[in-house]
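Structures follow.
Each of the next two complexes has chain A plus one other chain: chain B in the first, chain C in the second.
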Partner chain A sequence: MNNKTEDGPVELAQMKISPGMGSISDDKPAPKPDVPAPAPSTGSSMPAITPGMGSGNTPQPAITPKIGGAPAAPATAPPPASVGGTNLNITIANPDKLPSLPPGSHELKLVIEQEKPKTDADSGLGFWEIFIALVAALTIAPFAQAQAGKWFSNINAIDFVRRNGIVISLYLIVFSAGWIIFMIVLPQLYMLDFSFRFNLSPSEVGGANDVYTLKNYRYLLFGRPGDEDLLNWLHLQVFVKTIFASVMVTVIDFALCYPLAYYMAQSVKGGNQRLLFLCLLLPFWVNEILRAFAFKLIFAEQGILNDVMIGIGLWDTPFDFFRANVALYTGLTYAYLLLMIFPLYNAIESLDHNQVEAARDLGSPWWRIHYRVVLPHAKPGIVSGCTMVFMLSAGALAAPNILGGPSSLWFTQIIYQWYNTGGNWPQGSAYAFVLLIACIVFVRIMMRVFKVSLGEIAQR
Partner chain B sequence: MSGIDLDHVTIRFGDFVAVDDCNLTIEKGEFFSFLGPSGCGKTTILRAVSGFIEPSEGSVRIDDRDMRGIGPNQRPTALIFQNLALFPLMTVADNIAFGLEVRGIKYQERRRRAEELLNLIALPGQGDKMVSELSGGQRQRVAIARALAVEPEVLLLDEPLSALDLKLRQHMRTELRAIQRRVGITFIYITHDQGEALTMSDRVAVMSDGIVQQIDAGAEIYNNPATAFVASFVGENNPFHGKVTRAEDGYAVVSTAFGPLRGTNNRGLNEGDDAILFVRPESLHLANGREDVENLFESDALKAEFEGSFAHLFLRGETEKSIRLAISNDGNVPKVDPGERVKVHFSADRAVALPFGDLADE
Partner chain C sequence: MKSTDILKWVVRGYILLFFLYLFGPLIIMSASAFNTSTYPTITPWEGFTLHWFADLSDNDKIINGLITSLWVGLGVVALSVPTGLAGAIMMMQVHERARPIYYTIVVSPVLVPGVILGISTVIFWDRFGELVGLDFETTSDPFFLTILGQSTFISAYCMLIFIARLQRFDRTQEEAALDLGASHVQVFWKVLIPFLRPAVISSIVLAFLVSFENYNTTVFTMISKGTLVTELAGLARFGVNPEISALAVIIIGVTLFGAIIFEIKKRHEEVLERRAKAEASIERVQSASATV
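Take a look at the complex of A and B:
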C-alpha cells in the first residue's frame, strides 16, 4: 500500500461488505493483485435515468442504488487476510470513468460501507423477554381487576360511550383513529419528511450528512444546477399539462354525466332505472388495465375505429389517436365516469321534482330550470364528483402509461420513474407532494369560486 | 269570456282510467273545488289543466283556446304544489319574482313587483329572508305570491293547506278566499277536506274513481247529494238500505231493516229499485214518547258522547255501522243509557232516497 502514485488517489468505488455474499466477481484483470478488482456489475452499472433530466446533465456514477454524495473517506482496502471469512463484492457504476492505469503500482481509494452485522438480540423475542412480560402481567392483573369496575364506570360516564356502548365506541375510536393516523397522516408525513432529505445510502442515514434540504423541490423548478435553461421546463410543462388535462377530463366527464344523472334521478323510474344502473356498473367489473388495453386495440392504427372510419370513407389514412391524445382522454374519462355519475345522481335525486315542475309552470325554459334550480341544488354533488375525478385523473398512472401518446407524459409517470427506475425516493416524494398540494389548492380555489364548503360536500 | 272547459276529458295511465269522461265548465273568477278521496283523479285533472299531462281523449280549453300541445310553461295557469315547492336556495323575493325573471323583466322592476305581492300577502319587507326562515303559513302565502306574480288567468291549488296544522289551516281558508276576491282570477282548488271545499268554494265537484259525481254549490251538495257516494262522503250520513216500495209525488218509501221509511226522491227512483235512504245525524230526533210522527223507528242505544254544542248518540244499525244522532245542545239534552231501547224519527223532507251505489270508505 505504500506504492508510489502517479495521478493521485483515484476514487474507485464504494465497497459494501456484507456477510454471506458470493465470491468476488472478477471479470477484469485487477490493476494490482493486492486490491480486489473493481468489477462492473451489469445490474447497477447504468446511471439513474430519468426522462425528465435536463440536457446539461453529466452522467454521474451511480454505485449501488444510491447516488453517493458523501465525502470519500480515505481508506485502504483491507488486505485479503483481513477479509477473512467475509467476501467482498465490489461494483463499479461507470467503468469508463476509470482512468486507464498504466501497469505499475497505484494508490487506490475505496469508500467502504460496512453493514452492521445482525445480532441475535435484534431478531425477535427471546425466552427471558417473554418470561418477564408474563410475570409482569400476572403481577399487574389483580390490581387491574380491582380497578376495572372504577374504570368501567369512568368510561361509561363519557356521553359518547354511553350512547354507543363500550364495544362500538371502542371500535369507532380505534378504527377512525387508526384510519386517520395510519392510513392518512403517517404516510403523508413520512413522505413529506422524505421529500426534504438527500438521497442517502443506508449507511449514511442518521449520519452527519442526513440533513434537510430543499434540493428535491428546487430540482422540479430549476433542474440540476448548471443546466442551460433557468427552469426545469420539461417537468414543469408536464406538470401544467397534467393539471390542464385533468381539468379537461373532469369537464368532459361532467358534461357526459350530468344529463345522464339527471335523467336517471328525475325522469326514469323503476325497472328502466335499474337497467341503466346495471349498464353503468357492469363494465367496471372489468379491471382497469384490461379496459385500457381494449381501448388501445380500438384506437390502434389498424384498430376497429380506424377500420370503420376508413371503411365508410370518413378519412382515408389511419388517424393516430394516441398522438392526438384522444385515446388518453377517452381512457381517463371512462375510468372515472362512475365517480362523477354517482355524486351527481345522489345530489339530483334529492331534488324535489315539484321544484322542477314549479319552475316550468312559472314559464321557465329547460335551460333556466337547470341553471337556476337543478344546478344550484346539485352543486355539492357536482363539486364532490369533479374533485374526485380531477384528483384521480391527475394521479392516474395506468391509463397514461398504456394510452398516452409517444410525446405526452403524465406527471405521475415522472414520479413513478423517480421511485422506480431512478431509485430516488426523496425526489419522487417531493414530486408527489407537489402534485398533491397543487391538486388540493386547485380544488380549494374551485370550491371558493363556486362557493361550496367542505361540509356541503361531505353531506353527499 | 268563458273560463275553463273540460270537454269529454278522459285520462288513462296504461289500463288505469284516472279520469273518466269529465265534462265541466269553470266560470271566470270562480272559486272551484275538486273534492274527493285520494286517488280519485282530482290531481290528474289539475295536472291536465296546468299542462303536465295531456288528456288521452277530449280537450282542455282555457278561454276557448284548445290547450293541446301547449306546455305548462306557456299556459295562462299557475300551479301551487301540495308541498309548495318553493326554491329553498333563493330568497323570498327571488322566489316570488322567479316567473318575472323568466319573462326577462329587469331586476328593479322585479323587486318592485315582489314587494307589492309581499304587501298583498301581508309579509311586507320580508323579501330578503330565505324560505327556511319563514313559518309554514308564511311559506304558504309566498307560494301564492309566486304564482300570482306571473298574473295567471287561473290559479291551480293542489291541496296546499294539507301540511298545515288545524288552526293555521282554518285561518288560511279565509285568507285564500280573501286573496281570491282581491285578485279576482279563477281559483281551482283540489282537496280531500270537505270543510275546505265547502267553506271556500263557489262550486264543488265531488269525484270518485275518476268520475265526477256531482257539481254544485256546497250547500246543495250537502243537502241534496246526487249519488250514494256524495251522500256518504260529504258530511256524516246514516244509510238505510232497501227496496223502493212506493214512489210518488217526489217521495219514495224504502223498506228498510227498520220498517218502511220515506224520503225525497229527486233521482227518479221507481218501485222495486234498490235504494239507500240517507238521513243526516242532525235530522234524526228522539221521539220522546210522541207516536204521531212519520218515519218513526226504534233501536238499541250503544253509547252516548257529549261534545259541547252537540251530544252524539249511537244506535244499533242495520250493519256493524251504528246509526248516529246529533242532538243539539239546547241546555236540555236527554240522558240515554247504553242498552236502552229508544225511538227516533225524522222528517221525510230531510231524508234523501238515492239509487243504490258505492259508499265512501270511512
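Take a look at the complex of A and C:
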C-alpha cells in the first residue's frame, strides 16, 4: 500500500469541515495532523472520503482531485457527505497544496482533532509574560519602597539596590530567585502535587479524571486493593530495611572514622598530616560506580576474596556475598567513609589539646575523656557527618544496583522502577516523597538529640 | 612507657588497616585491567596485556557518554558558579531575621537525596512547561534537564565555598572604590571578583568534577541519552568486564592527577593566607603596643 499522503504533514491539503446545518462555522485553521483518525481503506484508485461504515463507496465522493500530474481542481462547493445522520461540508482551503498523485492505489486520510479542553496555557498569560512581570516587579519594588521608605525606616530593599547598583542587583535577584523558585522550591512542590494524582495519559491531564487522590500512598502501605495480605509487605520491608541499613552504615562509618579523625587532629602535625590528608582525599575523587565495581570484583564468585579463602581452606565452595548483602553494606560503608572523616576531623581539630591533658591529669580514664570532653566538643561534626552518610546511603542508587543481591531491593531501586519500567510517575513521586520525609526526620532527630543548628551541619 | 608503646603500635596498625581498606579495592581493580583473563581479577594472574584499553577505545557508547559528560559539566559550571555566587552575596545581605529561613532553603539541596532532585526536576519541567506553553522539545531535552537538575545542588556547594571566602571580605574596600568614583559593576569586577578568585577557581573545579561523577540525579534527567557515568553503571550492573577496569585505570589516573594539582594549589593558598593573617596580627600587636 503506497500511501502518499502520510509522507509529511506539510503536504496535506487543508480542509475545512463544518456541520452542514450552517449553524456553526469553524474558523480555526486546519487541525494539527498529529492525531490521525483511523482512515477507512477504500482501495480504489480514486482518493475518496467515505464517512461511516454503511455508506461504503458512495456514488458521491466528497473530493475528487484530478490524477495524473495536473494540479487538483479546486473543490469549492462539494456535495455534502452524510456522517451518522448529520451533514458535513468539506471544503479544501488550499487546493494548490494537494499533492499530484501518480497513478496507482491511494488512500486519503481524514485527520480529525477534537478541541482540547482549555488549559491555562490558552488563557492568555504565557511563561514569558509572567517572568517579565516578576522581574519587573522585583526591579520596581525597591523604587516604590524608596517612596515608602520615607515613612518606614526599616525597609531595606532600597539599601540593597543602593549598595549593589542596578545591574548587580538585577543579577543577584534573577539568579538567586531563579535558583530558589525554579530549581529548589517549585520542583519539590510539583513532585508533592504529582504524588497525589492518578497516573494519567497526557490527553487526560486537565480532564475530569485529573483529581487528587491518596491512592499512591495507600499503595505503599496496603498494596493493591484486594490483595491477600493486609499490608504491602514487600515494599514496606524494603523501606524499613533501607532505613535500618543506612543507620547501620552510618554507625559503622562513625566507629571506623572516629579513632583516625581523633588521631589526625590531635597527634599528627605538619607534613605528615598533609600527606595523610592527600591519601584520604584521593579515593574520594574516584567515582561511585567504580568504587562499587571494585567491590564487585572482590566479592564475586571468582573474585579474589573467595579465591584466597578457598586457597587457605576456610571454606570450599564460593560464598555468595551478594545474596548475603555483605557486598552491598561493605560497598556503602566504603563509599561514604570520607564524608564522615572530614567533618569529624574539622570538629576535633578545633579542640584545645590542653583540655584533654587537663582531664588526664585529673585522673580521668581515656573513655571518659572522650565521652565528656571530645565528643561534646565534636557534636556539630558528628551530626554533619552522620547526616551526610545517612542521606547518601538511603538515597544511593548505583551501589545497590551494582552490589545488591538478586532478591533484595533498595528503596531507591523501587522508585527507579516506578519511573522506568513501571511507567507510573505519580507512584514513584509518592515513594520519593516518603524517602524525603524519612531523610528530613533523620536530620531533625539528629539536630534535636545533639542540639545543633542546620547551619552547623551544612557548613562542614 | 610500655603501655604507650603498645598504644603507638595499635594506632599504627589501625591506620595501616584503614588505608588498606581505602586503597585495596582500587588497586585490585586497577591491576585487573592488565590481566589477560576475560574475567577481571588478579587471581590467577594469566599475563600482562593492554588489550582491554584498545577494546575500550572502540566502545562507541563510552566515547559518546564521555562527550555528553563534558558538555553537561561545562553547562553546569556556567550555571551553578554564577548562581552560587549570587546566592552567597544574597546570604550576606539578606535581612538578619530572614537569614535562617533563606539559609535552610538554599542549603536543603545538599541534604536531599540526589534521586529526589532528579525526579522533581523532570516532573516540574514536564508539567510546568506544559502550563506556560514551553515546547515539549525543550522541556524534555536531556541536556537542559540534567544541567538544571545537577545545578540545583552544585550551586549550593559553590555557594558554601563563596560564603566561606566572603566572610573574610573587607567591605571597606568596596566603599573606598565607590567613593573614588567606580561604578557598582566596576567594583564587582575589579574588587570583589579578584578577591574571590581562589573561591571561583575552586568552585569551577568542584562543580565540574561533581557534575562529571554524578549518577543519582543524572540517571533520571538524562532520559534516553547517557553520560559516561550512567553508561558505566549500565555496564557494571550487568556484566563484569575488564573494559570497566581499564576505564577505571584511566579515570583514576586523570582524577588523581587533577586532585593532586588541586590539593597542592589549595594547600599553597592556605599557607599564604595563614602567613598573611599572622603578619596582620603581628602588625596589629605592634601598632597596639606602639600606641600604648
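Heads up, the rule we're going with is that the second predicted complex is superposed on the first by the 268 of 460 C-alpha atoms of A that agree within 3 Å, B and C clash if a C-alpha of one lies under 4 Å from a C-alpha of the other, contacts with A are read in each partner's own complex, and residues count from 1 in each chain.
FYI, a residue touches a chain if its C-beta (ideal position, glycine included) is under 8 Å from a C-beta of that chain, and two chains touch if they have at least 3 such contacts.
Computed from a prediction, not measured in an experiment: that's the story for all the values here.
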item: Which of chain B and chain C A:P376 touches, first, second, both or neither; value: first
item: Touched partner set for A:I312, first chain B, second chain C, both or neither; value: neither
item: First (chain B), second (chain C), both or neither touched by A:V449; value: neither
item: Partner chain(s) touched by A:G395 [first = chain B, second = chain C, both, neither]; value: second
item: Which superposed partner A:A300 touches (first chain B, second chain C, both, neither); value: second
item: First, second, both or neither for A:L230, with chain B first and chain C second; value: neither
item: Residues of chain A touched, compared between chain B and chain C (which is higher); value: C
item: Which of chain B and chain C A:V167 touches, first, second, both or neither; value: second
item: Residues of chain A that lie at the interface with chain B and also at the interface with chain C; value: none
item: Sites on chain A touched by chain C in the complex; value: 119-121, 126-127, 130, 156, 160, 163-168, 171-172, 174-176, 178-180, 182-188, 190-191, 194, 205, 256, 259-260, 263, 274, 277-283, 285-298, 300, 302-304, 307-308, 334, 337, 387-388, 391-392, 394-398, 401-402, 412, 415-416, 419, 425, 428-429, 432-433, 435-436, 439, 443, 453-455, 457-459
item: Sites on chain A touched by chain B in the complex; value: 352, 354-355, 357-365, 368, 372-373, 376-377
item: Contact set on chain B toward chain A in their complex; value: 50-52, 71-74, 77-79, 81-83, 85-87, 89-90, 98-99, 101-103, 146-147, 150
item: Chain C residues within the chain A interface of the complex; value: 11, 14-15, 18-19, 21-23, 25-26, 28-29, 32, 39-44, 82-83, 85-87, 89-90, 93, 95, 100, 103-117, 119-121, 123-124, 127-128, 130-134, 148, 151-152, 155, 160, 183-185, 187-188, 209, 212-213, 215-216, 219-220, 229, 232-233, 236-237, 240, 244-245, 247-248, 251-252, 255-256, 258-260, 263, 267
